[in-house]
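What follows is a set of notes on a single structure, which appears directly below.
We just call them A, B, C and D in the order they show up, numbering each chain from 1.
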Amino acid sequence: MSRPAVRLNETRAGQAVPAELRDSPRFWLEAFGAVRAETERRAAPLSAEDQAVQSMPEASPVKWHRAHVTWFFEQFLLKPFTPDYRAFDERFAFLFNSYYVAIGPRQARPQRGLITRPGVPETAAYRAHVDAAVTTLIETTRNGEQVFPIVEIGLNHEQQHQELMLTDLLHAFAQNATNPIYDANWQWPQGTKSTYPAARPDAVVAGIHMIGRHEPGFSFDNERPAHQALLQPVRVKRSLVTNGEWLEFMADGGYATPGLWLSDGWATVETQGWEAPGYWRLIDGAWFSMTLGGLRPVDPALPVCHVSYYEADAFARWSGKHLPSEAEWEAAARMGALDDAFGSVWQWTRSAYSPYPGYVAESGALGEYNGKFMVNQMVLRGSSLATPAGHSRESYRNFFYPSARWQFSGVRLAEFEH
Amino acid sequence: MSRPAVRLNETRAGQAVPAELRDSPRFWLEAFGAVRAETERRAAPLSAEDQAVQSMPEASPVKWHRAHVTWFFEQFLLKPFTPDYRAFDERFAFLFNSYYVAIGPRQARPQRGLITRPGVPETAAYRAHVDAAVTTLIETTRNGEQVFPIVEIGLNHEQQHQELMLTDLLHAFAQNATNPIYDANWQWPQGTKSTYPAARPDAVVAGIHMIGRHEPGFSFDNERPAHQALLQPVRVKRSLVTNGEWLEFMADGGYATPGLWLSDGWATVETQGWEAPGYWRLIDGAWFSMTLGGLRPVDPALPVCHVSYYEADAFARWSGKHLPSEAEWEAAARMGALDDAFGSVWQWTRSAYSPYPGYVAESGALGEYNGKFMVNQMVLRGSSLATPAGHSRESYRNFFYPSARWQFSGVRLAEFEH
Amino acid sequence: MSRPAVRLNETRAGQAVPAELRDSPRFWLEAFGAVRAETERRAAPLSAEDQAVQSMPEASPVKWHRAHVTWFFEQFLLKPFTPDYRAFDERFAFLFNSYYVAIGPRQARPQRGLITRPGVPETAAYRAHVDAAVTTLIETTRNGEQVFPIVEIGLNHEQQHQELMLTDLLHAFAQNATNPIYDANWQWPQGTKSTYPAARPDAVVAGIHMIGRHEPGFSFDNERPAHQALLQPVRVKRSLVTNGEWLEFMADGGYATPGLWLSDGWATVETQGWEAPGYWRLIDGAWFSMTLGGLRPVDPALPVCHVSYYEADAFARWSGKHLPSEAEWEAAARMGALDDAFGSVWQWTRSAYSPYPGYVAESGALGEYNGKFMVNQMVLRGSSLATPAGHSRESYRNFFYPSARWQFSGVRLAEFEH
Amino acid sequence: MSRPAVRLNETRAGQAVPAELRDSPRFWLEAFGAVRAETERRAAPLSAEDQAVQSMPEASPVKWHRAHVTWFFEQFLLKPFTPDYRAFDERFAFLFNSYYVAIGPRQARPQRGLITRPGVPETAAYRAHVDAAVTTLIETTRNGEQVFPIVEIGLNHEQQHQELMLTDLLHAFAQNATNPIYDANWQWPQGTKSTYPAARPDAVVAGIHMIGRHEPGFSFDNERPAHQALLQPVRVKRSLVTNGEWLEFMADGGYATPGLWLSDGWATVETQGWEAPGYWRLIDGAWFSMTLGGLRPVDPALPVCHVSYYEADAFARWSGKHLPSEAEWEAAARMGALDDAFGSVWQWTRSAYSPYPGYVAESGALGEYNGKFMVNQMVLRGSSLATPAGHSRESYRNFFYPSARWQFSGVRLAEFEH
């Protein structure tokens, strides 16, 4: 996929939005336009039915994503700052609120697929209505220091949903016996490679490191406060685990050896009947995988993808290694010691998702954005092929339940020094 | 809704297709065209999303119904009788087989809503493809005595799904907070009335009656063999139970009095939180009901609708009466002693769905049509406002689980003579 | 097992309690003593833990049965007729009420196994307390015409629970890896045989028969009113289906052929993984079955036992026959044309459990005894090896859900005459 | 409850078993005798039914605990080190293996309550059989350096189950409408007090601390390796949260304010209908709690008990504070800055249960003891009133799912310094 020109966030190199641009309406207009267009670009190949389906409670319809991110601007930007703003349809606040309890009742999450109305055309009209109002607000506000930060969080929020649009859609397509294709020309990101010359050694991190977001520029509250962490010496692997390595694990009985698994993980293997990564299918003795480009043969040289935390942990145990903690990962990433840290697959860490010391949630309804999910989930670091450009950084914390495998999630190993 | 001109089955008056027409290709062409057009007419007001949604495992998407009835002709008519027939898409046999185990694997029922592809346009093309092939077959066959009966069962089958298209769609719309409208001009069938002058007494049936289909013309295998049944004297009410009477039942604590309910019924009341018929909602102290015409006030003079067997049975107990058996109902209907027997609401009977004495299922895959459902379900008799014209007869046996209430199902009472 | 001397009910020969005895306190004292003693005799081999366990929601602990039947006398006999009666423990009304909603709240059925207190000794004391009070009441009442019928229903009720004590206990023992033995000397009832000389032909029943309890003597309300039924000519098999015949069914793929099964039945086969009758286990290539005498080899000559309605129905279809209706069964039994009608295994009929025409439930709380279960269950006729002596008659209607197979339930076939 | 004389582990003061005793058979004989006797002392007040019941899948029967800890010695001590040892009953390895996959199949956890046999007397005989064999082994072994460490882990294991015997039994009793009493004289541990003079300030911990077990003496593998951790400055409360404070939280709508809760926690509140801590009941306007001494009034001065992690976290948020991490807790405990750290209630920390850096599981089947549970659970620190004497230490890590509240679990708060 091509990427939008405006990069809202710094990338792995770590630059923030230049200070002089942060007060510029023109900058925010361009950013707003670029991000909103990227959402539409991702939805464009899909039929109305494709956009309406919800294939499991954890996934949401593409149409719902398109409307929800729009409602976010309506709720948090236009209602407070555009005095005469008229909601496109008052009922949408019920339909497209995701989980903000403070704002009122909402459509039950497992029933988002029942929203056949509004349809795709009405959803597009809703987006246009809000686009116009936000554009006017950005152009005319005298209150940029309050307005622009909300535009910024709204755009970062929309970028998160851009990734989910693709992961959720792929899950739906993977349930379809006709193996639909999202993009026939889809390719794994150019330059992704999993192995490197022996000359480039793995990094060893140790000692006290600053963890979390301390640079200027946007970050989510869960990345703060930055703080020092003391790391035991650990070797973090430069490269990602590949499909080829995963096939060895499978051939060695990885999915049939309970001793390799966490207890909850093994229960999941048995209940779900897992025998391979998500979306893998054995056809006439060869492994294929469902991708955004349809059903494709599994390439042993590429990073393994669509594995759960349980699988990542079992693979690590089988390897005689373990997963890095999120602090170990971040320290190594900041040293530039990780290949494919970004843009390929999210990398499971062994860290449960919890607040940093001294964490304080945002005030108001936006305080529900992150903090209330800080239990029972595991942190993933880096970013994936579905992450929009400019939405990656070393301090970024993604999180999912340990059984989840419909994200583009893979594995990087680590090893303690003795 | 307007009704198609050709009436495939006799109506309550009981006439069958005239014998001289049964061998006429022209007759079958017209019948085929009329029934297929009625399906399209019912789907026409719906968007692609409306047609794709599945709001519960028991309901199916409208698009699925349209394709499934088409597959039925492909499978049971074209494959055997059109030697060079080429399937529109071989994969559809998997997607659109409902439950014919003998024919092969199929899409799991609760996942019919995941079939975003084929889309609506491709579904229409599928229908056109099959329409053309069936038309050619009817016009050119020299084997009418074998072909036409399968056309006939295919059309009766499609008519059954025409009713389900509306009941299933209404269930989906009833889950939508925006209360969508299928047909703004929808009205309860003209002439439906629930009370009649006292001068028209209720019928008493007693003694030996012939039950089941013994007349010529089409019937399903579950209506046969016709046989004699001995009935104890029973008074079957001429009129249907009304919303007004149901409101009295509710006001008298009907939904809060366990002694009125079957044990399984009371468990359902408690689990589901039932307090009124299906689709009823209390808004500012007044009862409304979701209908094909959108949210409408409950009219006390109309027949109660969307009640389960459990509710019908509890209401009967509260009334000091009971539900008729299906034989009692049929005997009374054949006497012409029932008002609104057809075209308003299906009427629950106290008879469990089971085979008639000497019942033999059809041979081959069509033998799965009825017989394998003959346990755990209750018989409903008559027909409803959603039943297509010409699809009603006194011997017709409909059946649903006793907790079902998304059909247009109502209540007629009976009382034993002492 | 030996049988108590006093036979409360007529047996298959159909004699009722002689009229002159029905007013005799001495008769009722003896009957009460005999039935109460039989309960204790059945519990005697069991430890406290054996008596307290509940192995599934549908089964109840032996200790609970012992206390519940005692509470029944306390509630329906002593409270109304012994003015100064003091309950043994007021809290027992909550613990040991089974389902009489009219009487008040009660222990949730699936949690009867949590009643570790009262213990076995306190339960015995409870029984003794009530025994003494009932004995005094019988000896001293001047109101025998009201009191004795309640004694009678209480004893019939206790006899029903005597059977359940054994079926429920066997289910618990069958979950135990050590295969506990209830009675090492247990034998299949003497005289049970499954095949008979060809000289004794099967009965054909046809025409109008009186069905239900019309003779004097005790019956439950669900056996009434007696009424005439018109039967199509049907041949009811004289003998029961044997284990040997069932093994043929299994060898022919019976449990792997969906076309033989009702749709709900096949779903159960798949969900439960059924491959043989209940309690059967394949050990080193030979079939064994868990019995009251422990794990025993399956004897091909004995009647098949522990099969569900679904299995009985599938076997019948495989045989090219069907199950008799309950009216067909009763007519044949009254003709004396059935071997092993009583005392071996209950026999599934194809009749759903529903009220007889003109059925009226008992008034008061006892009206909950039968009527409220008349949906979703199938009728079994006859009686089993666990049925206490004197508790069998031709009009007796037992009923269970079609998936149940922890009762001593078997199969008799029928065949329509053409 | 009185406590056994021999203290296997150091207590909070931190002394280990003196080195000269670790090689002494006499010491181990005494320790073995004392711990085994404590198990019996705890079971003594219970009937056979009390010991056999399993009131939820997470809890186990007392009889099962008694047998399981015995099997542990049989499996890990006697089989390897007593060459001619004859198992008491080979089938017990199936019944009483808890989760050691490496050792073979086992009774499904939710079905431990079905083990009515062996009974209590046979269980006592099993214990005596193993006691005799272990005693002989300790007295005669020439291999103490291998044998005694396994005795030690077996005794620590049995002590863990001693606590569970009481927590699991209390859960069962709390389901019983008769409110059974385990020990009528039971009292909250003497000296427990929740508030202290203002003169004793809360501790502030900060900087680098050694965490984990580095002292000599027994520890579980999950307490190792000891390692340095860098703590941000945090004030850990000296006292526990009391019932009185919890009542304020309730009065302030704590259980009805979703904004106070983690998302998964709020879902649990709604599903379970939580309105107060576990075992609390409102009777005539006053709160009572089920305890080992039966139903008792809630004492506002005592520490709150039977709260889940979700509740502890919500309370902390309501207080404007948070829970300590396990490292913060341990650092403060090692400073002697915590009142009631041990012997009252376990204290939830905000740390998910995960391996320490460089953690290596024990080899062999004992490696399943801890490591495989390191996901989805939260760490509790300290010990409770049900913890046997000598089984508490600063490095001890207990862990449960965040919804669990049948343990004696309470709350200690912390607050970051700014």
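As a working rule, a contact is a pair of C-beta atoms (placed from the backbone, for glycine too) under 8 Å apart; a residue touches a chain by one contact, two chains touch by 3 or more.
Bear in mind that the values here come from a model prediction, so they are computed numbers and not experimental data.
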Inter-centroid spacing, subunit C versus subunit A (mean Cα positions, whole Å): 60
Euclidean distance of C-alpha centroids - subunit C vs subunit D, Å: 47
Between subunit B and subunit C, centroid-to-centroid distance (C-alpha), Å: 38
Residues within subunit C bordering two or more other chains: none
Chain-level touch network, classified as line, ring, star, complete or other: ring
Touch relationships between chains, expressed as pairs: A-B, A-D, B-C, C-D
Residue ranges of subunit C touching subunit B (in the complex, touch as defined): 99, 101-102, 208, 227-232, 234, 258-259, 261-266, 309-310, 313, 322, 325, 350-352, 354-355, 357-358, 368, 372-376, 378, 402, 416, 418
In the complex with subunit A, residue positions of subunit B that touch it: 47-53, 55, 63, 91, 94-95, 107, 111, 113-120, 172-173, 175-178, 180
